[in-house]
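Two complexes come next, and they have one chain in common, chain A, joined by chain B in the first and chain C in the second.
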Partner chain A sequence: MADGAVPRFWREIPQRYNLIGNQCGSCMEIYFPPRESCPYCRRKSMGKMKELKLKGHGEVLTYTIIYTAPEHFEGQTPYPIAIIKLDEGPKITAQIVDCEIDDVKIGMRVQSTFRKIQEDGYIGAIYYGYKFKPVEVK
Partner chain B sequence: MKEVGIISYGGHIPRLRIRSSDIANAWGKNPETITGGLGVFEKSVPSPDQDVATISVEAARAALARCNIAPKDVGAIYVGSESHPYAVKPTGTIVGEAIGATPILKVADYEFACKAGTAAIQTCMALVKSEMVRYGIAIGADTSQAAPGDALEYAASAGGAAFIIGREKIIANINETCSFTTDTPDFWRREGRKYPAHGGRFTGAPAYFRHIMSNAQNLMNSVNSKPDDYDYAVFHQPNGKFPLRVAKMLGFTPDQVKQGLLCPIIGNTYSGSSMLGLASVLDVAKPGNRIFVTSYGSGAGSDAFDITVTKNIKELPREKAPLVSELIEKKQYIDYSTYAKYRDLLYED
Partner chain C sequence: MMRDVAIIGIGITKFGELWDKSFRNLIAEAGSKALFDSGISGSELDALYVGSMSTGRFVGQEHVGALVADWSGFAHMHIPAMRVESACASGGLAVRQGYFSVASGMNDIVVVGGVEKMTDVVGDEATDTLATGLDQEWEAFFGATFPGLYAMIATRHMHDYGTTREQLAKVAVKNHANGALNPYAQFKRAIPLEKILCSPMTAYPLGMLDCSPVSDGAAAVVLCAADKAKDYTDKPVKIIGTGQASDTLSLHGRDNICTFESTVYAGKNAYEQAKLTPEDIDVAEVHDCFTIAEILAIEDLGFVKKGEGGKAIDKKITTLDGKIPINPSGGLKAKGHPVGATGVAQIAEIVMQLRGEAGERQVKDAKIGLTHNVGAVGASCVVHILEAI
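So, the complex of A and B:
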């Protein structure tokens, strides 16, 4: 990430650290990442989008194993990336950690965890955010 | 004197482990000599996406999961570590944001080798007692560095614990604390250097043993107690042997030390060491139990605490976050080459 990306990342800290999404006050649909307006209710949702902290629990809908990783992730291969359906409804894409790749299964319960996502070389900023791991406390 | 103590606590230990025997084999050493000499059998290793900020956040979230306090009521966060991810930019800011305690918040990062976390407890105690804050969170965490092939490599591990300090619904009263500090260059890391250096055998008698012995005796003198009065004793754990030896020298038994002694199976978590030991004791503690905690930080100093568990611990839902024993059980072994890759031992500066 180039230096110019620091403000862009910084603006997204609430959603990256704490899964802050939002909810349309008109149709009650929940969004992550948060939206400016509800794509269904459109102008009826204006001014009614309420911040909502998602609990970070969900289940794996599908996943893939990455063997050829993008820049900054080469050292972690092979690693799983999954689409996770959160209990509140939104689906998000995230890395699965603390789990052997053979143990990742569709339908498995996962919870969010706080991890380093990437760093801008040896001198740039370090970016943190959510990844998901198998549930710890039932 | 107003009561002050621990409201809740939480720990975090990365899942990866490397066996001491694998490290010994990589360097052509005899594994039995190493494990026998140090009393360390395996150690935790951070994955490439874990550092002191992530460990601190997980520990703080575990502590908050066990109690009902609103994150906005946390008025201070102090993170003690010698492996903060940034040389300049406090880890505490990341923790504060990640637990939702910002922006009306006092934050600073501490460094005092392995006792920076207990120094953070003392700071939080003072802020809580003086009513400058309602709750303070003290964290000790490290992903400690060790040069490849150095004796430190067998023990330098990763982990941390967080303690919420407050005045209300105290699960463990901190009756007294005292410190002992001198200028003793037993272990250090110079600015800009990747790995620490140490004085070898000099880290023993004039450093670890002198500071812990003196401080522990001062604490017992000030509260008029003796080793028999305590159910548990936790000492800083640079290896598996020192804490048992210092305990014996002070008159504590191995039974008192056992529950808090984690180094043989997770290594030395530096700033997390005595704090994870205390967390492990609180995992099983009962009302009325008395706990003796003495940390040690090279350079050198020691903080000691006389703690009494209250009846409130029965209402603390300890199961809402992983117990230290559960964090220890969840593990995945890696070999030395993976360890070298993950710990960035192959880097070129």
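So, the complex of A and C:
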């Protein structure tokens, strides 16, 4: 991703740091990232979209292991990245960490964790956000 | 009431790393060839459309409609010119816009080009630019790549339907075998299965040779009101169906990631307009930007049942002499994928096939052909159905 002005990252902090989505007050469908209106209810949802913090628990729907990565991710290869279905419903694309790459499987339970995502080289901004790790067994 | 539209001329440049050709050279070459092929002098043209994905980043040039009109020699005629963008489906969408303008009666003859010059940038810039077709904020920001997203489709397809790495690789083997017969192809050579399978991993389960290349190239077609087509050519090819559809920009936004609903809907619209079913199609050029993409395409276009795309490759029904030959040109995989050019080049290939001018890669008795052009990871799709008249 090309380097950019700080606000383009700063304004996404609630979503990327704290998994803030929103919910349609009409059909109760939950969205992440938050949407301006509900694609199903449209005008009925106007003014009824309410912020909602997601718990960050879910299941791996599919995954890949990235070997060839963009410059900002080169230091991290090879890394697994997955589409995760969160328990509240929304699906999300995120890296899987804290496990061997061979251990990533469809159906595995994961939970979100706050991590460094990428950086603008050695002197540029560092961007944080969610990654997911296997659910800790209690 | 819409009127019928025919293709009366096609032009295509060689695809590849064309270091001695600039963006404007390429599109002007394809356009001139198409005009020459159509038999028109040029003064009959009512408008110009050009599909390109990211000229601003690839060559640092926007205002592409005007540029192409100028360098194709139409600035002094002051014809309207516009650029059309829908990521990798830009070319197909440009053809659709040209089609509408003639079908509506507003224009009688238009030229539609598609072009991309991708090798003027260095390092990661080409792949980073392609990745702008993804959801930058919610996919790419978190480390997802273009091949990575298609790889996630492949992982799930393998899980749900038992599709194998070998079946994916066989798509590349077939398309390289076809590309070896295509004088315009970037890779004019066959590649054996073992080599595809042992190419370096790009994004598991896709290796480098499961991916289409970075390419330069251009293609153009001349569209004409069908009732006037025979004034210019003996072999007009009619556009009998066109369809376009959208989906969520991000792959994760969809209910089923093993289907491109954009393909299903674009196909459905095109089949309905043409009053045809998938069984009626004799040959198709589909968007195989990655090997898994061809498997998805033949399923979503209805050539095989969902989940049986991999087995179809094993049964060789998609080879040049198979039941439904797919990508006789070599596809994006072997012919090359100058993104904006691809959708127009697919139309040009099907026109060659329907005219019986495809040489060694000619599909026997091809009367009806289909093109399928996808934007990025299926957020947009354009399908056309063509028939020789």
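Some observations on this one:
Keep in mind that, in the parts below, the second predicted complex is superposed on the first by the 131 of 138 C-alpha atoms of A that agree within 3 Å, B and C clash if a C-alpha of one lies under 4 Å from a C-alpha of the other, contacts with A are read in each partner's own complex, and residues count from 1 in each chain.
Note that in this section a residue touches a chain if its C-beta (ideal position, glycine included) is under 8 Å from a C-beta of that chain, and two chains touch if they have at least 3 such contacts.
Keep in mind that this is a model prediction, so the values were computed, not measured.
The superposed arrangement places chain B and chain C next to each other on chain A without a clash.
Contacts of A:42 after superposition on the shared chain: neither chain B nor chain C is touched. In the superposed pair of complexes, A:50 makes contact with neither chain B nor chain C.
When the shared chain is aligned, chain B comes close enough to touch A:100, but chain C does not.
Using the contact criterion defined above for the overlaid structures, shared-chain residue A:117 touches chain B and also reaches chain C. Touch criterion met: A:76 reaches chain B and chain C at once. Counted by residues of chain A touched, the larger count belongs to C, out of chain B and chain C.
Our angle of interest has its tip at the CA centre of chain A and reaches the CA centres of chain B and chain C; in the overlay it is 140°, to the nearest 10. Contact with neither chain B nor chain C is seen for A:11 once the two complexes are overlaid on the shared chain.
Closest approach of chain B to chain C, taken over C-alpha atoms in the A-based superposition, is 12 Å. Chain A residues in contact with chain B (one complex) as well as with chain C (other complex) are 76, 117, 131. Per the touch definition, chain C reaches chain A in the complex via residues 123-124, 127-128, 131, 136-145, 147-149, 151-156, 159, 200-206, 208, 250-253, 257. Per the touch definition, chain A reaches chain B in the complex via residues 13, 17-18, 75-76, 97-98, 100, 113-117, 126, 128, 131, 136-137.
Note for the complex: chain B touches chain A at residues 15, 47-51, 53-54, 57-58, 61, 65, 85-86, 94, 97-98, 100, 319-322, 326, 330, 332, 341-342. Within the complex formed with chain C, the residues of chain A that make contact are 1-2, 12, 33, 61-71, 73, 76, 78-79, 81-83, 91-95, 106, 117-118, 127, 129-131.
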